[in-house]
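Below you'll find a set of structures to go through.
The following pair of complexes shares a single chain, chain A, combined with chain B in the former and chain C in the latter.
Entry: the complex of A and B
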């Protein structure tokens, strides 16, 4: 721009060809990326709606609370639903204490050294191990080596180790978001490190930790491969509406495995039933997911610092 | 912890004991925290150890690099001549991963740039939530979608004889790896120092020019890590791939024109393990310490598990180093 030539200074504030060109480019690119983003989200909505529409005839209360009948071709999914709740609950009981304490270690105790870097790398790698390798590990370690056999307990252990890294990462992040002055203030009144963590750091980060844990409920409920060889079973007789049908040392049905078997291995299952099973699993996961999202929004709004 | 020169009364002793019990409890908890802290290392090693332990007899007795990695003949249950060549399975995994990345990488990098730089705060929050929901859909539900929804769709659109093929699985797996690529890529775009962006804007660059000339080059390690983690996810994906690939041992690459035939059914490493684990018996060694031929099938599945573990380990470690690279530069 020639601002040393006063006679054309009015041209200074109108867009030159070059400026217009780059602004047009900016708009086009914005639209293209917007379309890309929407193109990813549209399939999600279309698929979910389609699944629900196809499942609608079968989605009744009876479907949830009834037991499978007629060789999986009728009835409901109660045993699978309860089995999923069992495995998820026990895997969380195992994974949450270990994961939270590991997160506390990484954020509060670990110094910046090569060892900490190795621990972090182990967490990243543990998160990236394919679920089928977790399944093989579960078979090798829990079913065979530890002698637990195929049971709810070994399935829960396998799921627990699979969900562990994400719990560790989310705990570390939640703890790191507690400001440092909170800790120094507490140390200054004479509290030890653990007392500080217990009374100041954990209460202030609990909702962040909970968010991570809830997201892992989704993951654990949806995984099929790790429980397939460690504890899931094709069919198990359960009373209708029975809340405690399984012992820890026996196998159980699980929703994800049930969906896999009825859609690939049982011929002649009515289609609405297949879709309904998928929708129930999806609904289970999405309900917990929205819990986590709501919790996070709530937490952000009432943050004091 | 010297006892002060006081009269020794029951109350004093009790106080002293109480103090020590509390101290011991604290030590115990801190010890536990340290133990849990290193647990992830222990778990990574024990995963490798236990998978290796089951597969070891095969590696010791009948492992042969050429016949294992370079042979496409996978006949684990043949009666006369059992052959364990995983080339076709590697090709299956490769083809699904290629299609998945062709779908996922452009779209998720575009989405990440859009979320990080081009949209308003409200839109951004909404987009992040939707991406999170996408991440939450279980893989078996994706597999079901591949089987029931996209399968007939692909037959109708492409005229392929069967809809369960590399294309189908690739699209499904691509959609599954979108969330992880988006979130890591967005993080790394956000990690670009504000000073870079301010400098570009001060020169009169538009948002797009800033993104293209400044942000993307500065964030390229993070973007690489994002893509690598997506690849890792695609390689390790099991249930969706099992249900959507068609599950036939086949190499979809050959010399004919398109070179890569995405409309052929394939079978991946992960799907092979999950499909055959149930049928392969675990047999012990006989009296003379050698295993019967039927025992090899079970062991070779664990060897495939080791291969998968090593592949994803390498991918994740490279991705982790790439991310560490940007973090260090940022400081």
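Entry: the complex of A and C
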């Protein structure tokens, strides 16, 4: 009968059964989520430690700067390291201006119409296309149709196409996060759209844009498929420590592809070398990632709204 | 009304639709120069909408359709040859929530000058002078002169609102539109801003939207009462509050004072 009577607690403000239940739930949720957070750190930590331990005998300065020897069974990875820097740099030179401009257009200029909706949808979907599909597209479009052949430039274009969607999406999102009152304020003193973008919107969204770009650096460096058919080569003779060993119309070695070949195509490569190559590739990615995080924190502290 | 004063803003059978919804019905009004005109009326009656017609801000929203004329110093601002950028230089707006830009105090005020002057046309000293003058005019200079590099967004709300007024001044506008400029401020700050408005009206025509009847009485010379998108009554503030001509105005004012 007395369903609606509140539970009477013995003293004022002491927890009722229901309150205690809520508190217990709260604690459980906190613990479970905490475990999840730690759980995703553990594999990364284990992976990195394991790789470094196995790679230790080969992890020397020489390994970075030397060229492969004894049919890839000795020496270092210099040509692959430089090759990766080449393809990543050139793909960025192509993808960043196009992606950022497209993002600015989509977020700042384009009116909401069926056309822009289709473009937005296409961009989001392209971001989820597997890299092997980009690779095949690269072969068709750049290597064969555009007549670039298998070359650094073909590989860079293919990587650029692969990274573009995410660069566009992160640009639009970074721009959209700039509060509207700032834009109104600019508009109100008679600033043109471009003046508003240049003086207020871009300076306040650049960290988001850069974060997106840097994450794509990691993707471009790590993927094997897109360069495998478009510009990566098994072996290329290069001077030790030479920073400019490649022409853009030549093929080059690359870290990800090199790791793939020495671990599957070449018998008898010493194990530490395999692991060391993986460590270098992972290090490349982690360095860029931490750079992205530092940048983000720095920019966030600078802007206070 | 006396016809001696010059007319600054004149609307002629102005109607406005948001999509299919009509927000303004044949509003005809004449707003005097160097006076403070208050727009009052219940929430949703179209005060903000009317105010935004004076600087064509409604066009920022999709699907807005306008019929009629708005003349500012005799020129219809909806004529095709009107440049929105020039219009906004002449007609400044202050918003409900202060919206300084995420720049330093100095840059906030210099912003307008910079975007409207070609590179090299103005030197640093002239710019600094204009900034100081604008900050003086809003009684802010003495408080902020030692930290002009501080961010505008870090100031107190009252100071932010004054900064938002100051940044309009270097452009030498003739009209200041204010949409409930004190509603985010406490009583003391409101009084400070009201004092400021009284001095500013010597140079500018001020149109202020307010839901605060006492404020309208304190600071405005003329008042416009609106209801459901229509202009009901426009007269000198004292008249409108003491001897309203329209029954609806009377009811509203009585209602608001209890």
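Worth a mention:
Keep in mind that, in the parts below, the second predicted complex is superposed on the first by the 265 of 305 C-alpha atoms of A that agree within 3 Å, B and C clash if a C-alpha of one lies under 4 Å from a C-alpha of the other, contacts with A are read in each partner's own complex, and residues count from 1 in each chain.
Operating definition for what follows: contacts are C-beta pairs under 8 Å (C-beta built on N, C-alpha and C of every residue); 3 or more make two chains touch, one makes a residue touch a chain.
Predicted, not measured: the structure shown is a model, and the values here were computed from it.
With chain A as the common reference, chain B sits beside chain C without any clash.
Judged by the touch definition given at the top, the superposed model places A:274 against chain B, while chain C stays out of reach. Look at A:249: by the touch rule set out above, it reaches neither chain B nor chain C.
In the superposed model, the vertex angle chain B-chain A-chain C (Cα centres) comes to 100 degrees (nearest 10). Touch criterion not met for A:16: it reaches neither chain B nor chain C. Which of chain B and chain C touches more residues of chain A: that partner is B.
Of the two partner chains, chain B is the only one touched by A:39; chain C is not.
Using the contact criterion defined above for the overlaid structures, shared-chain residue A:192 touches chain B and also reaches chain C. No C-alpha atom of chain B lies closer than 9 Å to one of chain C in the superposed arrangement. Common to the chain B-facing and chain C-facing surfaces of chain A are residues 192, 195.
If you check the complex, the residues on chain A that touch chain B are 22-23, 25-26, 29-30, 32-34, 36-37, 39-41, 43-44, 47, 50-51, 97-99, 101-102, 104-106, 109-110, 118-137, 139-141, 144-145, 161, 164-165, 168, 192-195, 215, 218-219, 221-225, 228-229, 256-257, 259-260, 263-264, 271, 274-275, 278, 281-282, 285-286, 289, 293.
Every residue of chain A that touches chain C in the complex is listed here, in rising order: 111-112, 181-182, 184-192, 195, 199-200, 203-204, 303-305.
By the touch criterion stated above, chain B contacts chain A in their complex at residues 26, 29-30, 32-34, 36-41, 43-44, 46-47, 50-51, 53-54, 106-108, 110-111, 113-115, 118-119, 127, 129-134, 136-141, 143-145, 147-149, 175, 178, 206-209, 211, 229, 232-233, 235-239, 243, 270, 273-274, 277-278, 282, 301-302, 305, 308-309, 312-313, 315-317, 319-320. Contact residues on chain C toward chain A in their complex (touch as defined above): 55, 57, 60, 62, 84-89, 92-93, 95, 97, 99-103, 111-112, 115-116, 151, 153-154, 164, 167-168, 171.
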